[in-house]
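Once you've had a glance at the structure underneath, I'll fire off some questions.
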Amino acid sequence: MPLAPEFSVDEVIITTMARQLHGEMLVSSVTAFGSLAAHLAKRLYAPDLAVLSTPESGMDVTPMPTLTLGQFLTDVQQGIPLTMEDIFDAIFTDHFRIWINPSQIDQYGNTNITAIGDWHHPKVALVGSRGIPEDTSHLSETFYYILNHSPRAVLAQVDFKSGAGNGESRRGLGSHGAPTALVTDLGVFSFTGPGGTMAVNSLHPGVTIEEVQERTGFAVYVGAGEVAVTDPPTEEDIRIIRESDPLEVRKLELMSGPMAAEKFVNIYERERQALHATYPRVGKFGRP
Amino acid sequence: MDKRMTIDEVVDRIPNGAKVAIGGSSISRKPMALVRALARSDKRDLTVIVDVGGPDVDLLLGTGSVSQVIYAFVGFEVLGLAPHFRRARQNGTVDFQEWTEYTVMAGLDATIKRVPFIPTHATLGTDVPKVNTAFREITDPFNQEPLIAVPALAPDVALIHVNYADIQGNGVILGDGHVDVLCAKAAKNTYMSCERLLSSDELQRFGRDVQVLRVYSKGVVEVPWGAHPTGCAPDYRTDLRHLQEYLKAASSDAGWQQYEADFVDVNHRQYLDNHGGAEELVSRLKV
Amino acid sequence: MPLAPEFSVDEVIITTMARQLHGEMLVSSVTAFGSLAAHLAKRLYAPDLAVLSTPESGMDVTPMPTLTLGQFLTDVQQGIPLTMEDIFDAIFTDHFRIWINPSQIDQYGNTNITAIGDWHHPKVALVGSRGIPEDTSHLSETFYYILNHSPRAVLAQVDFKSGAGNGESRRGLGSHGAPTALVTDLGVFSFTGPGGTMAVNSLHPGVTIEEVQERTGFAVYVGAGEVAVTDPPTEEDIRIIRESDPLEVRKLELMSGPMAAEKFVNIYERERQALHATYPRVGKFGRP
Amino acid sequence: MDKRMTIDEVVDRIPNGAKVAIGGSSISRKPMALVRALARSDKRDLTVIVDVGGPDVDLLLGTGSVSQVIYAFVGFEVLGLAPHFRRARQNGTVDFQEWTEYTVMAGLDATIKRVPFIPTHATLGTDVPKVNTAFREITDPFNQEPLIAVPALAPDVALIHVNYADIQGNGVILGDGHVDVLCAKAAKNTYMSCERLLSSDELQRFGRDVQVLRVYSKGVVEVPWGAHPTGCAPDYRTDLRHLQEYLKAASSDAGWQQYEADFVDVNHRQYLDNHGGAEELVSRLKV
């Protein structure tokens, strides 16, 4: 496949995320990046994936990133309805994959979405561990992404372990749920360094090791020899990503402030029409 | 048995200090009309139990109705953090107990199955058991491995919102089920609001979409738009514009007082009127 | 209501069973007697009952006793489908009732459907405890019936406890699942005698205490004063029972040998037509 | 992924000594075509796991394929006791482990949730824990009350029969679900026969009747009448006449040898022909 003549960082990240997925797995998403990575993977790299259209349901229907987590795609009888019990049974039986976007990840791959600072007196209270503890104690592969690689996000030690990484977090868990990969705007990292610490797998085109060390809160392990460059997206990768996200919901995750607000309003207004066009209200069989 | 009641009759049946489990998930199918009525009532010292919380938990914190929150997550998803939740966590004015998505489900299931706990590996290796004093680490009697014993979560009341119900208390959920059925089965008293009441014969046509069984329902209220501003698939999407206003209002005392006056301390009809009425909502939120 | 001018023992038993049921409970049946008792109760005595049409599903559809446990009544979209998880959740939350027909019941209300003789070397291996242990450790009311009251069926001690009765069986259980009532062809019994043993509540019309003692494997407790006579069925009870069981599936439970075989064949041939007439194949919505 | 295979390919994948969980319930929706193929194969020393067993367990005992049975119930319902099961229990020629309906479900669920046990009050006060050596009585760490620890049941293989499936291994169950989904999720390898294969698009129209998810299926076989002589609602009722013949045959060695020759040691088409063909079955068994 010819490489895309030009691509943006979100497209590099989504393509790289997509290429990590494989096998016949339920794939759930609570972000546009996760949703698009799953969709792209199913189209090009892992055709057996059972991609969900909402965080917990709508199996095997083309997901479209929406601001409301695809909560409408289970209306029409495309997509197989699942229950929360199905989701956690799939996690416990290792038939589930998800790309997690933590607020903090540390050198051992411990992750934090709960609080900045001490849990009991947080500087910033975040959202709570949600389902990350289940993922990090049961899945044979756990995937993380961070869009803005910085010393505050990728640091020596997380303030609170919402998810279990390597090292002493493994006590009583063995390898179940150990961290597999971290994708950031700088590169792809694994946890194969000394003692299961973070190591460089590949750097995105144009990124240097110095930049990585500068923007990381600890010394990232770099193996011997040449550092690989991340395979860039192909034209087909880019085409599928752009077709799958006509509203550009993915761009929101990269923005903040007034720019994001404007984009948000714009997407929200167009979302209804787009959803309606993509998923006409044929209604549910037997529905009065 | 005809279990129809009004929103206020539901609130009257919730005592101060009750443990209230709330269905739905973050910005999806929260029983907001019931939650607003509870928030504007004089009920206090509530313990709120949610798996994935959003505007429901945040509003009850904003009105000072809550003394404890048991949760796996509280947030507004794409819109960001929950303002009153964040403030209360940081000020330590309310007792918070952090659980996780499966352990909340397991805690409710333990009550349903009348067992004191359910064992799991979930949360091992994380800091959750360090801050959640309800959890206990036990040793598996078969293999001597560490396990977390998730204790039973026993709600006094469950509040849920569904698409359709009959007057006997059977409920149809067409979108994602979230943990509503677990809440309904685990609670001593379950109250259900619905977009529309159907005859029992009509309801039976939905087959396995009939997810709430009448033996678990104590009361049913017909409340169109009863989940607003959260979404109720397939009837309407989440009102993110309203949630943006909510976040803006919650950022200042004056703003919040105005919000309460306009959208909390009013009955459901006035609430809809203050959004320009149902027609306006239809045009913005029906897909 | 006028009493029925004449009625048979099965109708007395079913009516008596029906009059024990109350409240808003799921009622499941694996026998014609249980199914008819539930149906009659809902019609006349306990309108809030949620009667199932199969052992595990088909809630709130008129059950018709069939040789195949009503497995067809969930075809048409009358009746709310339940799962086995729903059934046991209803048992554990005490929203469930069932009439159990044990092979043996003893003076403490322990019941046996597992084996005659020693479990390890049974004289007769029966079927296995099925769900009776769940019922007898969780329900606030447990109901038993026996069609042929005899010293072999109603005895001092069961050979194997499939279900927990009173006395030392209650250890660790408290009152959860303790025996409530036994209905036989002789009368109605409770377990309110000394130490929770079996006691006479009422005798069916024409039955004497002597007959009961004769046909029981232990001395049945009889309270002071007059022994009550079971309220006989009314004409309406009889009418509903006969209308609800046009094939007379209930009669099979009372028969044995060639007579039963003949009846069985007769019912089986007619069942298909009767089911078809009662539950036309409107088919399931959305079914190809 | 196209997971279609033949009945014999399914049997080839089941090793001697395998733990085989079988779906259905007594005389309802047993995967009898797969069970017959297993029974006529040279596979031996199988452990059969059933919640409510019937002709499935009895046939595999009759052909000497089984060395252990884990069960809550084995019988022919209205027709009475299971002859080979009864004989084997009384002669002690096979190892039997008596569980109960919920504990079999809990044991499978423990494997699904990767926990060594699930606690319950069920079977306390009965003789089941006295004869079932797999159960263990534990003391609840919260209230020091006695509980039964139900150990995980880990099938190597699950065999189930459904109404419709697609070639990817999604399965639709229209009648009662029994414990088929638990078997499918708990087993290392799940093989599913179906009355009819549908396209995945057709299958999705069944909504929540799609109960078996393809991620749990290793193989799919289209076998019309695949549950016969048990019933498969709503497609056909239980063939009680054939089960009567079965019981008669099982009462003598000669009768049983003849039964095996006519109905076990033959492929599925011959099996149907020996019943006078599908048309004959339709006339007797379709409702």
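Chains: A, B, C and D, in written order; residue numbering restarts at 1 for each.
Just so it is clear, a residue touches a chain if its C-beta (ideal position, glycine included) is under 8 Å from a C-beta of that chain, and two chains touch if they have at least 3 such contacts.
Treat the numbers as computed from the prediction; the structure is a model and nothing was measured.
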Task: Candidate from C-D, A-B or B-C with the same interface as A-D, over half of contact pairs in common - done: B-C
Task: Contact-richer chain pair (by C-beta pairs counted) among B-C and C-D - done: C-D
Task: CA centroid of chain A to CA centroid of chain C, Å - done: 55
Open item on the list: With centres defined as the mean C-alpha position, give me the chain B-chain C separation in Å.
Closed with: 40
TODO: Between chain C and chain D, tell me the centre distance in angstrom, where each centre is the average of that chain's C-alpha atoms.
DONE: 27
Open item on the list: Can you list every residue of chain D that touches 2 or more other chains, as numbers and ranges?
Closed with: 113-114, 121, 145, 205, 207-209
Open item on the list: Residues touching two or more other chains, restricted to chain C: which are they?
Closed with: 77, 81, 88, 138, 176, 284-286
Task: Contact set on chain A toward chain B in their complex - done: 30, 54-57, 67-69, 71-72, 74-75, 81, 83-85, 88, 91, 114-115, 119-134, 136-138, 160-164, 169-173, 176-177, 252, 264-265, 268, 271-272, 275-276, 279, 281, 284, 286-288
- [ ] Spell out the part of chain B that touches chain A in their complex, as residue ranges.
- [x] 25, 27-28, 51-52, 71-75, 77-78, 81-82, 85-86, 89-90, 92, 98, 100-103, 105, 121-128, 130-131, 145-146, 174-179, 198, 202, 205-207, 209, 231, 233-234, 237-238, 240-241, 284-285, 287
Task: In the complex, chain A residues that touch chain D - done: 24-26, 47-48, 50, 59-61, 77-82, 86, 88-90, 92-93, 95, 138, 176, 284-285
Task: Residues of chain D touching chain A in the complex - done: 1, 112-114, 170, 185, 200-201, 203-205, 207-208, 210, 213-216
Open item on the list: Show me the residue ranges of chain D that touch chain B in the complex, using the header's touch definition.
Closed with: 113-121, 136, 138, 140-143, 145, 147, 149, 151, 207-209
